[in-house]
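Order of writing sets the labels: A, B and C. Residues in every chain begin at 1.
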Amino acid sequence: MTERRHQRKFVRTFFTSPTALQGEDDSAKMIRRAAQLRGLEAPDVWVPDNEDATAPSMRDEGARNIIDVVAEGGAEFPGEIHPRVVWHRDSPATRYQGFQHMLEIADPDNGASEHIDGFVIPEVGDIDDWKKADEFFTIVETEHGLEEGSLKMSVIIESGEAELAMGKLRDEMGKDTNNLERLFLLVDGEVDYTKDMRAMTPTGKLPAWPELRHNTSRGASATGCIAVDGPFDDIRDVDGYRERMTENHAKGMLGIWSLTPGQVVEANTHPLPPKEGSWQLTVGDQTVTLTDEGDVQAYEGDRLSLEETGDGYVLRTPGGEQHLDEDELREELLDMAEYVPSMDDIVDSMEEFEAARDAGTGAIAMEQATTLRFGDVEVDISNDRMWDEATYQAAMTPIALFQDVYENRPDQHEELAEMYGESVVERATSVGK
Amino acid sequence: MTERRHQRKFVRTFFTSPTALQGEDDSAKMIRRAAQLRGLEAPDVWVPDNEDATAPSMRDEGARNIIDVVAEGGAEFPGEIHPRVVWHRDSPATRYQGFQHMLEIADPDNGASEHIDGFVIPEVGDIDDWKKADEFFTIVETEHGLEEGSLKMSVIIESGEAELAMGKLRDEMGKDTNNLERLFLLVDGEVDYTKDMRAMTPTGKLPAWPELRHNTSRGASATGCIAVDGPFDDIRDVDGYRERMTENHAKGMLGIWSLTPGQVVEANTHPLPPKEGSWQLTVGDQTVTLTDEGDVQAYEGDRLSLEETGDGYVLRTPGGEQHLDEDELREELLDMAEYVPSMDDIVDSMEEFEAARDAGTGAIAMEQATTLRFGDVEVDISNDRMWDEATYQAAMTPIALFQDVYENRPDQHEELAEMYGESVVERATSVGK
Amino acid sequence: MTERRHQRKFVRTFFTSPTALQGEDDSAKMIRRAAQLRGLEAPDVWVPDNEDATAPSMRDEGARNIIDVVAEGGAEFPGEIHPRVVWHRDSPATRYQGFQHMLEIADPDNGASEHIDGFVIPEVGDIDDWKKADEFFTIVETEHGLEEGSLKMSVIIESGEAELAMGKLRDEMGKDTNNLERLFLLVDGEVDYTKDMRAMTPTGKLPAWPELRHNTSRGASATGCIAVDGPFDDIRDVDGYRERMTENHAKGMLGIWSLTPGQVVEANTHPLPPKEGSWQLTVGDQTVTLTDEGDVQAYEGDRLSLEETGDGYVLRTPGGEQHLDEDELREELLDMAEYVPSMDDIVDSMEEFEAARDAGTGAIAMEQATTLRFGDVEVDISNDRMWDEATYQAAMTPIALFQDVYENRPDQHEELAEMYGESVVERATSVGK
């Protein structure tokens, strides 16, 4: 894997706050409040947003608010701080304004500079546009006596041009004429991307853009950056937010934008393995979690029913009726049932594999067994999954994420210990090292 | 958004007609008839097809037929005229034949030239192959005293090479050695693409190629071109054609090939917002439109039933049975119900946002409320959607499309007025300017 | 279509075997057994795997085992032989070790060289990394007096970098400074790719990676290579393996990794058209094969029921109930029913089209008709599908594959004759030439 170049190897949460509100006693109210967040409510990356979240007329004041609030509270803030400044591939005036705000915010004389980890550049275009932004970072650094490349640059992918640029980035990084190694987050911005692509849906809902998310994740993987998905507008819909994250994780996009501290909590915890393992059963396109009754996992949906006859079983699903003997039934159910391992289970499996490997064995079978119950009928199932070095390495991803969180977010130690128990946390932080 | 460089910013319809039929009294019969199309039956781009739709032995006659028909009827034709000539990335002889036909058709002495807006080049390969075609356009232009770059070039993407070329196009446009700014439409050709990719399906049906369509739409977005999907063979299947278009629109691909005037009508109207808004309810993977009973929207499917009990509700779906109190029920239904706004609704929302913005407010909540009826049980739901500048811009796409149509297709004014009523048309043509 | 440069134009199967097992009397046991495979159990490409399948400490012995086994049995082996050596984009030491193993295995003095068709290079990175591997091939060839470019190179795509490299390959092939025309297979390696992308799923199952597979297939199409999917771990799940292949075929990825001789048989036969045609009916998201009762095709699922009333029909599906007259019913059923043609049917259609074309007709209608039975109700349906040159060419893919198999795999002639009957085989091998 191309090495991540920065302190954080994983970023779960990207939380934006408006920098200046019109008509409030304290226009910095929102960022002042955000700067107080701690623990699971505090994001990995906090983004005082001097672009879309803040009215155009308020952005100079917004830049000053960032300085005030970060100078005061930045030292104590547990995540990284990356203000978003204005930028547009089609507007030199906007780019110059963004540059001026960066110069001001990063000026050590203003007191916030040492707590600023980088800046977020929206609305980038093709790779030459990315280089213009990078050049401004370099000038800001040299003007203020900062080390070249020390300010991280994150970009919002919200145009087809920028999506294509991610395929060229690897060829450009490392050239003498730029400092693109400063790149940190590749963040999808689906609202503006939808506009740029001129896409439309009957209800006005955003398209799902699976290819964009794949390409962003791939771009991050190829260049040592970190992929982050855009905002999920329907704040009320917690299940939808979680489903989106599960989809993203399967694409290697482990971070997501958060619009509220409630979303931050969801997005900080969802990528971590669960406290308890569980069994799932999939019938057709529908997956339900089975009810853990101790020794038995009970199915309580109504899409599958199982009946014992004299000489076998009748299995009914929306797909039809099957008459099966015991072995056939077991095969059928093995295809439908899956185990979702807990943090503890994953650590167990990894340790078991490590021991086998140390003893000279390259691959071992891990057994997953349980008893399923459908009404009155119980069936034992058992499955062996082969683990080799590659399986082990792939299973390491959630653990590496956890370890990155643990190392960089001491403010979350207490909540993590509450979630998992001390001993699981301890094992998870030491496995695989 | 990268600016579209040509008169039409949107193209809904790409209609091909065979240029010369064997064994007919008038071999030009089909294009002669097509040249008469007007209003919603007339495409935005008409393509006298001297390639696949015309037998190889008839193509010289086809080129002459194009000249005859366009010289006679081109001035009156309401859409643009872009003949398709022969071309193949692997055949110099085919390329030379295509060049000769272009030279002949665009010759002002032959009388059709002034009504020819460009040519369609099929079977292009990598970017160097596109440049060969562009060079022939330039030679045709200089030979005939036309302005360099005045003939638009559209290409059919029907190979993996051409798909990849769309990722390189932006780097090549604007170089002194080509006139690739003439590029206009990027059109997918799924039949030949399937052959080139050597894909196969059990029934012989075409694969859906979602990634190709994404990449074409992205290529168009990044270079100021317009994305058009390939032919939909099953002419009988109007619902299927509409579903394909809805899918395409969510990808930013707003144009589609049409094989008959009937398909032209469908493809000219489907991208426009509906006359009347409607409510939809999605249960599992199935979406149904609710029946508008005035104040109430009635669900008439059989995948969901709702029962009122003494202390709450029982909601039954194929996913199972839920016992809910009134608030929980509302939440559940809010996740399932969606409103499809009418043209009038969209204009309303845009005007409301414009007014708020002018008054200094950056974001406002738009309420969508209705009463749902399931059998005897009625439930009121209401949802707020936040509109900010980005939402407004994204909502602009269907309106901008309508305005482009209205400006460029006066022959459709009457039918549009019939469809929407004069006042809606008037508001839609003036909003957002 | 960009020409394939090597003897095999299609590769169905890529079968790996560990080269050296620890603690066995004969550490070469597995490859010795694999070298004996013949007929449908023998893969198109056999890969003695000196990388992941073999413990790191055993790899020098593994290289020697390859030499022993291939020197002895290579001449008789019916498929091509492509050992996988070690390689890693991030490790010069690993690359050097892979180079040394290649030098040794390809040394004519060691007796295996003439039966070695190429090598498989895993864990490649960006295009410059591919060039490093190619350079080692060239050195191996010149050191051993082999023709430059005569050893084929296949790569495993298991990183985002390598996925992007496939988009650049076409620009690099043909340069004087490399011999990248030796490239043969582009093989996805989803386990390590998942690790490189840092993707994760709740159950630990591999993500489906549709975009990766599309991009690999496209890369192969654009460069004359052959696309092969990665291993399907759940050896027990034959249906799942077949579904994966059907999905892959629709992407133009006609080859797949096999882990056992049983999987080889499945993957050698699945891409070939079936012996018997069959009818399918799709209701919602579920497709079932109808039961062939001679003149009638019977539906035995329970998602659709049909009832005859005095004046028409009632059609019930999970989507609701429809009252239809006979014509409407036919339309409805035509949308749901599809025919899966047999090898014989495809040859028939092609011959029919060829005859029409020779007689000067460019397009003909092929009729598909049958009687469907739902309980007591029977309905005749009939559909015309237009065939033109493009349809004919696309239909050629499974036939061309069959012809490639027939030409290159005489050891499978007997089994193919058993499968299809001599006369079908004969017609299929001569059509379209």
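Everything that follows uses one rule, which is that contacts are C-beta pairs under 8 Å (C-beta built on N, C-alpha and C of every residue); 3 or more make two chains touch, one makes a residue touch a chain.
Values in this document were obtained by computation on a predicted structure and should not be read as measured data.
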| item | value |
| --- | --- |
| Relative orientation of copies chain A and chain B, as a Cα rotation angle in degrees, nearest 5 | 120 |
| Interface sides of chain B and chain C: same vs different residues, half threshold | different |
| For chain B paired with chain C, centre-to-centre distance based on mean C-alpha positions, whole Å | 34 |
| Junction residues of chain A - those touching two or more other chains | 167, 211, 285, 318 |
| Chain A-touching residues of chain C, taken from the complex the two chains share | 22, 52, 55, 57, 90, 126, 159-161, 163-164, 167, 191-192, 194-205, 207-208, 211-212, 233, 236-237, 239-240, 285-286, 288, 300-303, 318 |
| Interface residues, chain A side, partner chain C - complex | 1-2, 10, 167, 170, 210-211, 214-215, 217-222, 246, 249-252, 254, 271, 280, 284-285, 318-321, 331, 334-335, 338-341, 360, 362, 385-386, 388-391, 393-398, 400 |
